[in-house]
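Two complexes are shown next, each including chain A; its partner changes from chain B in the first to chain C in the second.
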Partner chain A sequence: TPHQATPSIPCRSLPTRQPANILEEARARLHVSSVPESLPCREQEFQDIYSFVESKIIDGTGGCMYISGVPGTGKTATVHEVMRCLQHAADVDEIPTFHFIEINGMKMTDPHQAYVQILQNLTGQKATPDHAAALLDKRFNNPAPRKQTTVLLVDELDLLWTRKQNVMYNLFDWPTQRHAHLVVLTIANTMDLPERIMINRVASRLGLTRMSFQPYSFKQLQQIIMSRLNKVKAFEEDALQLASRKVAALSGDARRCLDICRRATEICEHSTTNPSATGLVGMSHVMEALNEMFSSAYITAIKCASMQEQLFLRAVIAEFRRLGLEEASFQQVFVQHQALCRLEGLQPISVSEGLAVCRRLGACRLLLLEPSRLGVLQRVRLNVSQDDVLYALKAD
Partner chain B sequence: MTALLKHPGYDEEKLRRVAEQLPCREVQAGLLLSLMGEPQQYSYPSIFIYGHRASGKSHVLHVLLKELELHHATVSCVECVSVALLFEQVLLSFFGCDAASLLPHSPSLSDFVRIYRQQRSQSPAKQTRYIVMEKAELLRDSDANLLPALLRLQELVEDNVTVILLSEIVWDKFRPNTGCFEPLLLHFPDYSKGELQQILSQDRHPSYSAEFYSSYINILLGVFYSVCRDLRELQHLAALNFSKFCEPLEEGKVKETDTHKLWRNIEPHLKKAMQTVYLREVSSLQWEQMQLMEEKEAGALRGLSAHTHVELPFYSKFLLIAAYLASYNPARTDKRFFLKHHGKIRKTNFLKKNEKTSNHLLGPKPFPLDRLLAIFYSVVDSRVAPTASIFSQISSLVTLQLLTQVSHDDQLDAPKYKCAVSLDFICAISRTVNFDIVKYLYDFL
Partner chain C sequence: MSKRKVKDVHRPIGECITQVCINLFSCSFDFQTHNSLHLLELLRRSAIQGESNSVLIVGPRGAGKTMLLQCVLRDLLQEKEAQKNLLQVHLNGLLQTDDRIALKEITRQLNLENVVGDKVFVSVQTEYYEQILENKTAEKSPGDRSSSRPVLFVLDEFDLFAHHKNQTLLYNLFDVSQSAQTPIAVVGVTCRLDVLELLEKRVKSRFSHRQIHLLSSFGFSEYLQTVRTQLSLPDDFPDRGFAQDWNSSVQTLCEDKSVEEALQRHFNSSKDFRSLHMLLMLCLSRLSVSKPSIKPADLLDASRLCLCDAKANMLHGLSILELCLIIAMKHLNDVYEGEPFNLQMVHNEFKKFLQRKSNSMYNFEQPVVMKAFEHLQQLELIRPVDGSSAKTQREFQLMRLMLDHSQIMEALQKYPQCPTDVKQWAMSAFG
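Right, the complex of A and B next:
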């Protein structure tokens, strides 16, 4: 390989198309990657984080903040928005200039790579993890004149966990140093992460400045979509409400809500025969998108399985009923299967075919199986509830 | 008798030679040929061939690929302890040693596919390439992704390549948990008695007539067919015993046609061979030497299993006897056997349900060290001090694998043992110390 090879995404041969109609326009705006003009419904959190970081920058002190919330509640987006605003304020000399660094636990091969990335973002130096840790330690512990404040954003904090927790310890210990001028913002999904996985000396250094992002309510979701669409009239009012209510009831994940809306526009586009004159996205389209997203794939898989496979699932349930257990060996199930075959007036299948049927069901995870080298003695369990199987088998 | 193999795309002469070398396997060879198709045609991505040992799986493939001069690599999975060796052998036989040297130190599957594709683009296949994997059941123990990848190698490397797996185990026990591309299954059935007779009669001795050798094979199969259908084993036995069969002929006692007398002569000899040389008690070399020496009766030589007598120290013998008694007697009968003033207990009135079956059928039971020593002291007549040597003898019995420790190795207090010797062995041992062990065994009461 050549030295200094830089991987890159191949360029587009054609530029992206301009949206042709309203639905395409709406789809582009609803895409998760399109940055919105503003973040609605997170004004309070924005204000809290902003004032926290701003006060630390102005005072020239350091501190930690822990931000938690389920996925899709706008944690990362809000922090980024805060940093954008602060950067703007620094540009117009309202506050002292500062340095913003972002690392993501998910993007690192090893927790210790955090040191390397921080050092590289700060100074441009490259070093091994150990050396980088020593250099950072020196930098944050020793006084230096006219030192800028550094704001460090650590996303996916739980992946920085190591057995001795030294990475986390250092990250939270540096801000407490007098000369560090370091503000650390950490983001994770669970609220009680510090109590669950951190040892006392790490958790105490993290401090008590915590903030949790609540899942969006349906009104907030609706407002988010409205603000995204920004007067593009593509949705019926009721359709939007249905989508946001459904998502709010399940998870309150804004990304999920956007996905459903985009899928609904696609369905709407396909359902009309004339591509130029498309109507609004109605209730039925959203309903269809919701069904696609939330309905269980297992039931569809059982419905579409072959006759012998369905018969085998029936045999599994019959054997479970007979044993009163949730587990049976293949040969027990197979006896039931053959009885069912005779009952249905089919030619009973051979053991090899039975094993093939069982394996195929196991490969699509409808059954949980032991390794196939155990042959007829392997134990069979259902990966879906018995009710689901019965519902799927009865539905035809 | 051989129905000629026919397939377009192959030389008639070569096919005739193949058919000559594959007696009784025309059907399978024809099927394989039709699956392979003409050399330049694409074949099925993977074929799985299974059948018992010595049913001609490798032989048929080897002869077909060799005689028809097809591009192939034969890999034995026993030899390939790491996947690196496997990849190297395949690349070596397809593209020469340059390609094999391109493999990095510990290659992954993607390295192999990358180099294969690179080489394939330089020297594209004019005809199907075959990879024959012998003893394919060992593939299941290697990386989880190897077997699924081999099954769809044609797709991965985009080349006209076919993987043929040979195994004695059925395909049902191969399927990975996550599913895979299903190969074409092909079964090689066992040879029947007639087929065995036909194949074995082919390699006859040149100085005797074909009918004579065939009658010998007939007698041999009459004795051995009920216990052994393995062609290779039978070939070996036929070669070993033929000189004995010819003996009366050379001495001029009988004629070639006098089958009954020949049978009378060889039959007890073959019966003896089944107990000795077939079980490898006596090596083939010893067997041949025994046949030369007239005065020494065949089988008089002590076989391997007769060498089980082990010289042990005096107390070790008693320790072993005590261990055997502790393993095969229920603990509740100890009082009755080893105490002087036991009450009169009959066998029937304290039988538990599971004690009704013989302990010798169920195998040895574990016992604690205390019980072993207690029985040991009551069995030995003299007073024995529990010195270090007694305890070290117990642990050396464990290292000799006459006892086995059942609990963890590091457990010093109350270790548990099992006795791992047979009844014949312990009887021989107790005879040397004049101890009647049968009297003390609960099973023989």
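Right, the complex of A and C next:
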């Protein structure tokens, strides 16, 4: 039957190559996808979630937990690790067996698809959202002998918001039923999500078991990288510290830190002429990677713009200064532009050409423009600060 | 060498010229070797070592972003190992306007319709992302990472994908590229410099923040060099004699002072290669059997054609009455400092002119003036201040002039047989 066919990508003709040198080995280990067995620096959170879920499983009761934190702080990875450990404990009969189901709000076209996915993961049957909701209701509200506890992980909770909030309501209401044996773990980014978007009866059912993942500090980031590298000596100590300090100062996102380190190994590989004798990744390589990934391109873009485009930007600023506003119509700017052209000894350009120049700047978002149907009447605003523009134009 | 000499046959000039247009513009730019190496290295690692990556190519329009990607892919596919493994999916933000269409397209291009075809068409409410994107491009067991074929996703007009609902497609693509599933490489191509600000923060966190900026940081001498190489015929052109003549004529063309000035002007206004191609195409279209090489005059003509003002050209085609109305509007704009006007005001201004001149040559009836006014509106030389045209009567609807004064004056200078008194009226400071 077609249902049993598992869709898959065709296989490669040749297997992947094994990493050839230290840098490649390091790069493979630093890839975000190679999640380590145990996550460093999240022991406390791991313990909290573990004991919460474990106690619910042992008691055979239900409950909810809300986990928040900015992206890249290890929320999903920690929960997955908890589940792995619990599964292991269940396998050796320390705790009763349980079901683990995972849904992700971002991976559904519609919030109501959540029902369908939960039902499919629980029983394997397919149904429309309404029917699935009814079946799940029946399953969780009625007593049944030898019922297993179900642990449900809901990632990206804010995407399950609907106007009536019935999906969220059901998800948080089922665990409160006596016969449900359901533990719901929810993950989202904002700490005050329950207060902000949920109506009272939903927020009250979510309960007060909250946990927030703090952004990683630089020491933690450093430790994460060290544990990933796991004795592969590819980085200088200072280089690691620089990368982690920089990321910790900006966002505390572990993904970013790993990406930077990975990029730095690439730069290091290129900088040496002899591929076999690759050195360690030093400060300069990390510096270059940081510049590549954090710097904004606006200033270089202005520097590389054509003469007329640069003049137009200067005209925009001149007009802003004259008006004392942050907005001017194209017509006003164009008058300034013509004056500047004469000043620079260039041939004045026609209005069509001026509009084309303006449009090109608008297309790469150095300027913000109104729809170009308005022609010379369209209003022009800068998308970068005036200081940046002046700096870029002065530097050459 | 001798063999080639034997082959050296002279062909009729007409045939040569047809060949010229086919041969030119085929060579690639090599300004961005650093960038292309970076991209090539990245894609090679995806194809051969099964590493997942994501990268954005950012640069202004006409800077050669797609060209760079194509060159890199061409180089990559010359390697046998990469060629055997790599699957490619090309999406364009202008075509795949929503995620549903994009997913269908992915299914089609991965050629997996037979497998998932059932799921796409049978289920009423498709569980799209889970079922299609994830299962298809990926199986969750980490063992598959090394055995399944890498997929390259090219997202042209990447910024338009960021406007899809919840950015689900981008989230899923980046998520697969950051998890131990099928190795995929996501390459976005966009002209917006602020593209990262469009991404939601969880999507942004999953993106690897590699950006390749294609900015045209070359000077005029390189520009001139590009013109020369673009126009020159390659060595393997069938008729070598013709090719030599042609190349030397291109050489003399590029050394001409007036040509250099015209090119400098184009270079000043924009550095993109597409407008350069436009200019050169206009030159090439003037070739004929009797004139088998480009002369400086051709390029100057083409340049003039490229740079002419569209609105001023439209003004040349107006009737005297319409031109008079435009002049009246210009005076109104001068007097009232850009406040909007209506037909009555324009007509009054026009009447004042007629009274002074006392010759009744342009004494038109009100409906005629109105017709002319409407014609101007149809040409979009004037536009209503607010869109609600039905509410007010046409005579009293407020309008704005969509022309710059310099355009009006320029058009008046070139207008065929413009009456002197109209010209004088236009010049005079206050109507």
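Note that in this section the second predicted complex is superposed on the first by the 384 of 396 C-alpha atoms of A that agree within 3 Å, B and C clash if a C-alpha of one lies under 4 Å from a C-alpha of the other, contacts with A are read in each partner's own complex, and residues count from 1 in each chain.
Keep this in mind: a residue touches a chain if its C-beta (ideal position, glycine included) is under 8 Å from a C-beta of that chain, and two chains touch if they have at least 3 such contacts.
Note that the coordinates shown come from a computational prediction; the quantities given were computed from them, not determined experimentally.
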Q.
Between chain B and chain C, whom does A:Asn141 touch in the aligned arrangement: first, second, both, or neither?
A. neither
Quiz item: What is the contact status of A:Pro371 with respect to chain B (first) and chain C (second): first, second, both, or neither?
Solution: first
Now for A:Asn189: first (chain B), second (chain C), both, or neither, which partner does it touch? second
Comparing chain B and chain C in the superposed model, the one touching more of chain A is C
> Given the touch rule stated above, what does A:Ala356 touch, chain B (first), chain C (second), both, or neither?
Replying inline: both
> First (chain B), second (chain C), both or neither: which does A:Ser51 touch?
Replying inline: neither
- Task: Figure out whether A:Val32 sits in contact with chain B (first) or chain C (second), or with both, or with neither.
- Result: second
Residue overlap on chain A between the chain B interface and the chain C interface 351-352, 356, 360, 363-364, 375
Within their complex, chain C touches chain A through residues 37, 41, 48-52, 58-61, 81, 84-85, 87, 99-100, 110, 112, 115-116, 118-119, 123-131, 134-139, 145-151, 166, 168, 171-172, 175, 178-182, 191-194, 201-202, 204-206, 208-211, 213, 215-217, 265, 267-272, 307-312, 380, 383, 400, 402-404, 406-407
Residue set of chain A touching chain B in the complex reads 351-352, 355-356, 359-360, 362-364, 369, 371-373, 375
Seen from chain A, its contact residues with chain C in the complex are 2, 5-17, 19, 24, 27-28, 31-35, 70-72, 106-110, 113, 116-117, 120, 126, 128-129, 156, 159, 189, 253, 255-256, 259, 263, 266, 270, 292-294, 296-298, 300-301, 303-309, 331, 334, 338, 346-347, 349-353, 356-357, 360, 363-366, 374-377, 383
Seen from chain B, its contact residues with chain A in the complex are 140, 170-179
